[in-house]
Amino acid sequence: MILSCRDIHKSFGGIRAIDGCTFTVEKKRITAIIGPNGSGKTTMFNVISKLIKPDSGTIDFNGRDVTGLKDYELARLGISRTFQDVKLFQNLTIREHLQIAMSDSNEKLLSSIIKGKNRDSQNIQEVMDLVGLDKTFDTYATDLSYGQRKLLDLAIAIAKPHSLLMLDEPVAGVNPRLRSSIKEILRELNSRGESILLIEHDMNFVMDLVDHIFVMDAGRVIAEGAPQEIQNNPCVLEAYLGGSEEESECWK
Amino acid sequence: MSLLAQSIINGLITGSIYALVAAGYSLIYSTNNFMHFAHGISVVAAGYMVYWLFTLAGTPFYATCLITILLSALFGLAMYRLIYLPLQRRGSSNVILLIASIGILIFFQNIIQIAFGSGVKLIGYIEVSRGIAFPGGITMTVLQIVILLISGIIFIMLYQFMQKTKLGRNMRAVSNNKELASIVGIDHIRISDFSFLIGSALAGVAGILVALEQNLSPLMGTNLMIKGFTGAVIGGINYVPGSIIGSFVLGMAENLGILVLPSGYKDAIAFSLLFLFLLFKPNGILGKKEGRFDK
Amino acid sequence: MIFSAYQTHIFILIFIYIILVVSLNLALGYTGLLNLGHVAFFGIGAYTSALLALEGLTYIAAMIAAGLFASVFGYLLVIATDRLRGDYLAMATLGFSFVVYSLLLNLRDVTRGAMGIPGIPKPTILDFTIRTNDQYLIFVLLVCAISVFIMYRIVNSPFGKLLEATRDNAVCLRVLGKNTLSLKYKAMMISAFFAGISGSLYAHYITFIDPTSFYISELILVLTIVIVGGLGSIKGSIVATALIIYIPEVLRMLDLPSSVLGPARQAIYAVILITILMIRPKGLFGKVDLE
């Protein structure tokens, strides 16, 4: 077990975005959170990575209670994540992005001034090869296409030292060819022993990729299991097709 | 005791000038959502207009006042149409608008200085400097009583206008919710035009009263602006009645404060209040909208 | 003597302002820290250095102390205003400079208030006292070169890239495990430090300071230069400082009385500022917009 969330609640004004969400992610597996739009998947990611403070609930990471940590402290403990809407630094190059991600020395001013520019390219080349982003390192983030930005975002998350990789809709809005190549990247990472937690909107994408699925609806987990079990679970279909809470057996 | 009472009265008088500045400023802010810092120079320009028309050119006093208020209103409109609106149309952020408005203030401050010199000017319309004694050991000059009356009347008129007329209601609608207001078909630019006209007319009134009560100096715009702005922040910058009340609070705080501090600290009291409110209560005592950003 | 006395004077001012403007650019342009109170650091530096030197401290020590004292205020400003955004942050930082201004005006026992501080000694470095303006020019050139070099190294180092990343997307940077608050206050402290240094150079050059030298009209000048040069460009700041300090000097040819000259110069700065905001807010060499 690498990550465990217990009974998380979070409301925005009147909207109960997360309503008692509980789940556990195992090491060295690919785990997916699926669920319809607005079911609270992204909010859950933000709660886990401390960008949003939950109203209640606790989070354990690598056997340690991390509930009270700040966002950057948690990141240093080894959580790497991407955003659904790709977030990059507009005025930095690919090289600079990856160097920032790789460096664990944080804001050391003096040594940084004395050493000057960091020209190390070895590790950068490795990550670029892994995600298959074929661009010169001095390309600015703003000069990349959407698909390339998605890949760079993934590369940053991989490059950052971590023990859990959290990806928010890594294939949203990308073309089918890139979709399958991202799928291969994730398989490759997993075969190297990475633990991955990903959010996906599309059930079909995850079926032949992941080991375990959590289905979220209305801010909580309504079903979990191996992909086949999920595929045959009537509650899941209902969540996607929009059944009402009261009549459903799934809410007990 | 009488010292305290006198300080409270002085606080009311100072507060009413600040409140006139703040009311116009926050009317403009609430409908446009950017900081029109150059509002301070509208007040000073009006003061110099009075000096020029009345003291130098000998125009009858009431005609001077009318012309001044009218020109102030147009001055405000011109700033909106010639500077702010073009900036907004090219997608400038609010911070850019604020910096531009500081630029406008500095520009006209120096133009006034070139035109009239940096020395102080006296209007000399109401000569009576001897105060009238009231029970409780309070003295007020005629002018001070006039200032209190006029500002009181103006605030009531402003309130009636905002509550009772269609234009006033539309302004409040825009200040409450821009998107909704434009959905129901309120023309935002027209509302902005009027907010600058009316807000700057109020600056004109403030300028006339300031000119009568104090010596005019080209550099007083920044200070007046900070005071009006501070009053607005204390009360709630996007809520006109709030900013009027906040200005009176500021006037009181200054005048009561110098009972215990050296009188030079008057401005320091205001600046410190401004800073403290921005940090700890940026929406003021009565304001509504969120100015803070919590993740 | 290579330049006329007047040219020497202008060059000295240009070098002093280059430090001030580049230091503002480091915070505003590179780190995205909106700061309308930068002249307060300049003033704090000028007063600190002048008062310490009058107490008999050696010049270099007074200058460093000026930088350090200013940077303490830089730290406090970031910590205090970290939760504010946009207009409110702008007004709070502007308010900060008003507070400093009114303190300079009212702490009369220390600052002599509106009377200002006359007779600030010219710098003495290792037994050598700078007397002529030519010597001062060489001295400010040296300090300016060192300061700009250090700031150039900072913005081009990995640390500098973290500052730019903070500006571009602080959330994303925190998720990568960087403490953006610490980056912000470090940037502001560096910025304030060099503003303090330039304040010290200014005070000991003019030899008289009063609070009005560190108020809103001074703010307009540095903001104009930074924006004209371009946010996030040291080269732009240097070119723009030279340009903008020089431009109003053509007024001197008109033979205006000095009571008009000062205000006319201010008015020109304001016009340049508004014009650049309206036609090219990115400035000459800038890459980022003012959010």
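Lettered A, B and C in written order, each chain numbered from 1.
Everything that follows uses one rule, which is that a residue touches a chain if its C-beta (ideal position, glycine included) is under 8 Å from a C-beta of that chain, and two chains touch if they have at least 3 such contacts.
Just so it is clear, the model here is predicted, and its values are computed rather than measured.
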Check your understanding: If you take the mean of the Cα atoms for each chain, which one ends up farthest from chain B?
Key -> A
Practice item. Give me the ID of the chain with the smallest distance between its Cα centroid and the all-protein Cα centroid. Key: C
Review point. So, what's the distance in Å between the C-alpha centres of chain C and chain A?
Key: 43
Practice item. Averaged over CA atoms, how far is the centre of chain B from the centre of chain C? Could you give it in whole Å? Key: 31
Study note, to complete from the structure: Rounded to the nearest Å, the gap separating the Cα centres of chain A and chain B is 51
Study note, to complete from the structure: In chain A, the residues touching two or more other chains are 51
Review point. Listing for chain B: what residues touch at least two other chains?
Key: 295
Exercise for review: Give the residues of chain C that touch two or more other chains, as numbers and ranges in rising order.
Suggested key: 171
Check your understanding: In the complex of these two chains, what residues of chain B are touching chain C?
Key -> 34-35, 83, 86-87, 90, 92-96, 98-100, 102-107, 109-111, 113-114, 117-118, 222, 226, 229, 233, 262, 264-265, 267-268, 271-272, 274-275, 278-279, 282, 291-295
Check your understanding: Once bound in the complex, which stretches of chain A touch chain C?
Key -> 49, 51, 71-72, 75-76, 81, 83, 87-92, 96, 99-101, 103-104, 106-109, 112-113, 115-118, 156, 160
Check your understanding: Which residues of chain C touch chain A in the complex?
Key -> 150, 153-154, 156-162, 164-165, 167-169, 171-180, 182-183, 186, 190, 232, 287-288
Exercise for review: Could you pull out which chain C residues touch chain B in their complex?
Suggested key: 34, 36, 80-81, 83-88, 90-92, 95-96, 98-99, 101-103, 105-106, 108, 113, 171, 215-217, 219-220, 223-224, 227, 259-260, 263-264, 266-267, 269-271, 273-274, 277-278, 281, 289-291
